[in-house]
Amino acid sequence: MIRAGVLGATGYAGIETVRILSSHPMAKITYAASKTYANKKISDVYPNLRGVCDIVLSDVDIQKIKESCDVVFTALPHGASKEVIPSLYNAGVKIIDLSGDFRYNDQKVYEKWYGTPHDCPQLLKKSVYGLCELHRNEIKNAQIIGNPGCYTTCSIMALAPLLAHRIVNTKNIIIDAKSGVTGAGRQSKLEYNFCECTENMHAYKIATHRHTSEIEQELSLIAGEEILVSFTPHLVPLKRGILATSYANLNGDYTDEDIYKIFAEFYKNEYFVRILKDALPETNHVAGSNFIEIGFKVDARLKRVVISSAIDNLFKGAAGQAVQNMNIMFSLDENCGIANGGIYL
Amino acid sequence: MIRAGVLGATGYAGIETVRILSSHPMAKITYAASKTYANKKISDVYPNLRGVCDIVLSDVDIQKIKESCDVVFTALPHGASKEVIPSLYNAGVKIIDLSGDFRYNDQKVYEKWYGTPHDCPQLLKKSVYGLCELHRNEIKNAQIIGNPGCYTTCSIMALAPLLAHRIVNTKNIIIDAKSGVTGAGRQSKLEYNFCECTENMHAYKIATHRHTSEIEQELSLIAGEEILVSFTPHLVPLKRGILATSYANLNGDYTDEDIYKIFAEFYKNEYFVRILKDALPETNHVAGSNFIEIGFKVDARLKRVVISSAIDNLFKGAAGQAVQNMNIMFSLDENCGIANGGIYL
Amino acid sequence: MIRAGVLGATGYAGIETVRILSSHPMAKITYAASKTYANKKISDVYPNLRGVCDIVLSDVDIQKIKESCDVVFTALPHGASKEVIPSLYNAGVKIIDLSGDFRYNDQKVYEKWYGTPHDCPQLLKKSVYGLCELHRNEIKNAQIIGNPGCYTTCSIMALAPLLAHRIVNTKNIIIDAKSGVTGAGRQSKLEYNFCECTENMHAYKIATHRHTSEIEQELSLIAGEEILVSFTPHLVPLKRGILATSYANLNGDYTDEDIYKIFAEFYKNEYFVRILKDALPETNHVAGSNFIEIGFKVDARLKRVVISSAIDNLFKGAAGQAVQNMNIMFSLDENCGIANGGIYL
Amino acid sequence: MIRAGVLGATGYAGIETVRILSSHPMAKITYAASKTYANKKISDVYPNLRGVCDIVLSDVDIQKIKESCDVVFTALPHGASKEVIPSLYNAGVKIIDLSGDFRYNDQKVYEKWYGTPHDCPQLLKKSVYGLCELHRNEIKNAQIIGNPGCYTTCSIMALAPLLAHRIVNTKNIIIDAKSGVTGAGRQSKLEYNFCECTENMHAYKIATHRHTSEIEQELSLIAGEEILVSFTPHLVPLKRGILATSYANLNGDYTDEDIYKIFAEFYKNEYFVRILKDALPETNHVAGSNFIEIGFKVDARLKRVVISSAIDNLFKGAAGQAVQNMNIMFSLDENCGIANGGIYL
């Protein structure tokens, strides 16, 4: 059994990691930490786990983590990371970090979009971007993973095949993304109060959301040239789900059939990728699962393709992909413990 | 008092018209028709109106409508229209039609997008497109109004000022719109079942939604050249609200301040238009009201502007604007009976 | 025009009062106060009111309130009240208090259930319980009103006719009530976060909720003997709406028809009361309105009657009834400015 | 591997059974039937299962079922049952029926509450009521199980320990239950349209809901005397979850501590039962799981106890308990394949 630790275990991404690991046949939670709830049972904070996972939350104790964990999932607030991760890294523990800290190839891009110096630039160089379908081989041998953001996973996977095959123009790419409220994390701010969120929706952080830079890094890599995108996030009144609608101008007279073939071929061996034909993704097809649905439609009139992609932001967009990364790093079946379909209802 | 009739009174747009007229100080519902519920009280179908509007629903009786109505709001299914509207028109009754039938300047555009011959091409020529803020003067003297669609009102008003001032390129305009479920009307289809809609969202009719043609007609008029747009509608789990996110490439180095001035000037005398500065629209700011909120953000990096606009699809997007049209046609204050702010909670 | 002040104007009950008064034809908001947002426009806090009510929020300035208001709606946090209300009372201003402070005939009952000494016992004696349908005559001449709680309005009105006519046993009365989340007020606590509330429901404060004492006071008055009730509140995932399901044992072999007659007669002149026959109340029939719906069913097998009643907790359960009280106090039509039916959609 | 069939596989209870069995380590779906969707893949109807369970739906073919299944879960519409179940029974197939048909000890009670003659009275005698925690021993040896209703599971388990120990009076028991919309099944009726359900709640079938009789049968068995209850179901706007609030008069001066001990003892070996101390159940603690949460509060003032219990109506209230029954019938660990905690978010 893989001995797994979860730091920041009571945030929404943290607890989803705990929930998934609780029923993973090859892993076992041996350490869970939470600053706010140290010394409480995790099931006192999340009663849905009572009788299922009753581990007592610790404060972050590096020594104990080293001794008890083969892999650590870090879902820590910024700053806490820098004291913890290098030390664990040096002790040989595998690290899957769910923050934005280890997702960048270029420290400067991180520092520009996050507005803060990077805490561990030397580790940044060693970290691998954990979008499993695109970086599987590097992940296998990595010791530290920057687990991708939710918006970014959903956006990158929708555009990668078309850019890889130079089907679409690299200019004028627009990604309009919609997220459920769990994407904001576990917060007690008024703006996330039920009465303020339900029956409401709005855009936010237009042209400035950090995930833009993460999307651009990966799409540029795939395209082999610098790609800049408009990325607009929106908050919509549901819990789990991201829907990204991506627009790109076609480089030729491609049909829906052409596009389908490209997607189907690109993702042909991927358990978690569903390419839709004559249908469009819905977030409740993937909620509660690690799947991504991708559909599209060519607008021949405008020589443009519109791609629609859907994931569960907490699962494939965070904790599920983190466990997928663990599976790859430990040479398990990639869908081990996360093979289930969505909950739908 | 204006004597008003509502045909198709028990659909969602119809009943919203009834609800608004019920508290209108200068109008009075004298006729309400519903094929399905003829001979029932309207308040037996919508108990929220019991004691407030208990009119008995009739079948459509042209003679009686002529005698009892100065204006008729038609929210009829396709086909029913053609037998009713010409006859009422000839009798001199003013008509505000909430369907797509009288929104087009060019019969062929209608026939292409609706896939059916137009029933009353001669009346189509006389009808005025009832987007009040753009066609006020023609509306004043019109006898028949094609009341705009919900998506179209929200989209056109967001782009009109920029196109009128040639601030943005006329190519590559993209409108990504999200609608609440009342937009689908009163339906008993499985796909609109609570369990299928809540905690779910998806795009639909990509590149083929009829409102595209309506948006293109109006934007082309304003720009003075043919404009084609990508328009993508989405269904999101709330009742009232449309949010449109529009993308356009800037023709120069405009700042947020520049854009604000253009919007503020363009809509300076408009009671129902709120231009936001350093803030973005939210649908619950306008739900239950005839207001539109418009915000925006210049992405200097990409020389692009992103405009966000929000309306209540049933109110400004249908029944409220219909009443606004009535107010204009009868020389009342334009906000008479619809001056209220949104319900927010 | 009645000059009205609202203190605590940015809480949920406060802002609903402002919203309703904004379209009241005989009243005008001349003063609005908020500790948190003093010196801001109210429409900066609630953008749905922009262009509709843009009054600048003040701190509480007794002198200015006296000069500018005929009536003041107080929706203040406990403690603030005691410094404000006596002073306004002495100046002859009419007061409609939305807190629990002036709802009790017996100071001791208040002190027991609220766990705190009463701040103004002398005013408590002069205050009238503002459940309009039951205390209309006293309200007419009152200077200070204790505006009823939301749960209590919904519960008392459902049971009053049966107790008045001694149709039901005074023992074993059980009230199981469900409330939307606005009932908790404007709060930034984690438990009211969208993700914690949506797709969730639970009971709370079983056997200890303060509204129990308010219900018991009024039912005892009506029955002419002491009545104790089980009252259980529940939180359900919607914004507006209270549904109370009340159970009482019948004193005889009454039929549904008998019960209907008693209710219909008891409330025969009441604009805001809808007694249902062969149908049960739904909260969306009353949401956004001052109406109450009451339905019931005799369970002949158990010689018990079950009464179901529904109101909008913010409207009839708070701000709407407060305005109804104002209308009575100023001899206006009782439904002036609040005659509208619910919004339904 | 247990070879399992699911008849009526595309209804909400049916598909939840399929979903749960898809990840069950000891069972395998070998047959799935749906009248409406025969010859389609199940994952074409429920795309969340694509790649996870792509079995082709059959019509009901008794011969094939006999050959391919060790156990059959029947979630059929009334009438279809009678042709299928006896034949399967005679062939020795184990049957877990999710309808109301095999839940009754007394055919007359069934016929009275369902208003129809029973189709297979001879099998009714052999069937066991599948509330696992109460009838485990009979279930072990049964060939046919009447899987309990959702409301009934939640209600019976909340009252059983108190009645077994004669702690509460057998008169005046009241159960006020609230259900999410999946409880209505997969329906395209207008009343379950998102716009009609969301932001709405109401009681229904007061004093006449069929589950009343099922609750009374089991509580009477436990109490050793005939028990009649008031049972009121309500529809609330969420997908998964039942919350039952039960009221009973105490036979003595019991404290919360006393009640806790009784519950804790009664369910001491039950994996799926959580007894709460100083806390109340919430449906999102159990949604997506087979757990039941039970909390309570003594109202010493009224000598009454109020019990609150929560389950997931589709899981413990239908498909999950059905699988729990299968586990018992096949001598597996009772929580095999259903040990997971709720999804919470």
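Letters A, B, C and D mark the chains as written, and numbering starts fresh at 1 in each.
In the analysis below, contacts are C-beta pairs under 8 Å (C-beta built on N, C-alpha and C of every residue); 3 or more make two chains touch, one makes a residue touch a chain.
This one's a predicted model, so the numbers in the text were calculated from it and none came from an experiment.
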| item | value |
| --- | --- |
| Cα-superposition angle relating the copies chain D and chain C, to nearest 5° | 180 |
| Centroid-based (C-alpha) most distant chain relative to chain A | C |
| Centre-of-Cα separation between chain D and chain C, whole angstrom | 38 |
| Geometric centre distance via CA averages, chain D-chain B, whole Å | 46 |
| Distance from the mean Cα position of chain C to that of chain B, given in whole angstrom | 36 |
| Contacts with 2+ other chains: residues of chain A | 12, 182, 195-196, 198-199, 237-240, 282, 284, 287, 345 |
| Interfacial residue positions of chain D with respect to chain A in the complex | 12, 15-16, 19, 22-23, 46-53, 182, 199, 239-240, 271, 274, 279, 282, 284-289, 291, 293, 314, 339-345 |
| Contact set on chain D toward chain B in their complex | 12, 181-182, 186-190, 192-199, 237-239 |
| Residues on chain A engaged by chain B in the complex (per definition of touch) | 172, 174, 176, 178, 180, 195-196, 198-204, 206-207, 228, 230, 232, 234, 236-241, 243, 245, 247, 249, 280-284, 287, 297-299, 301-302, 304, 306, 308, 310, 345 |
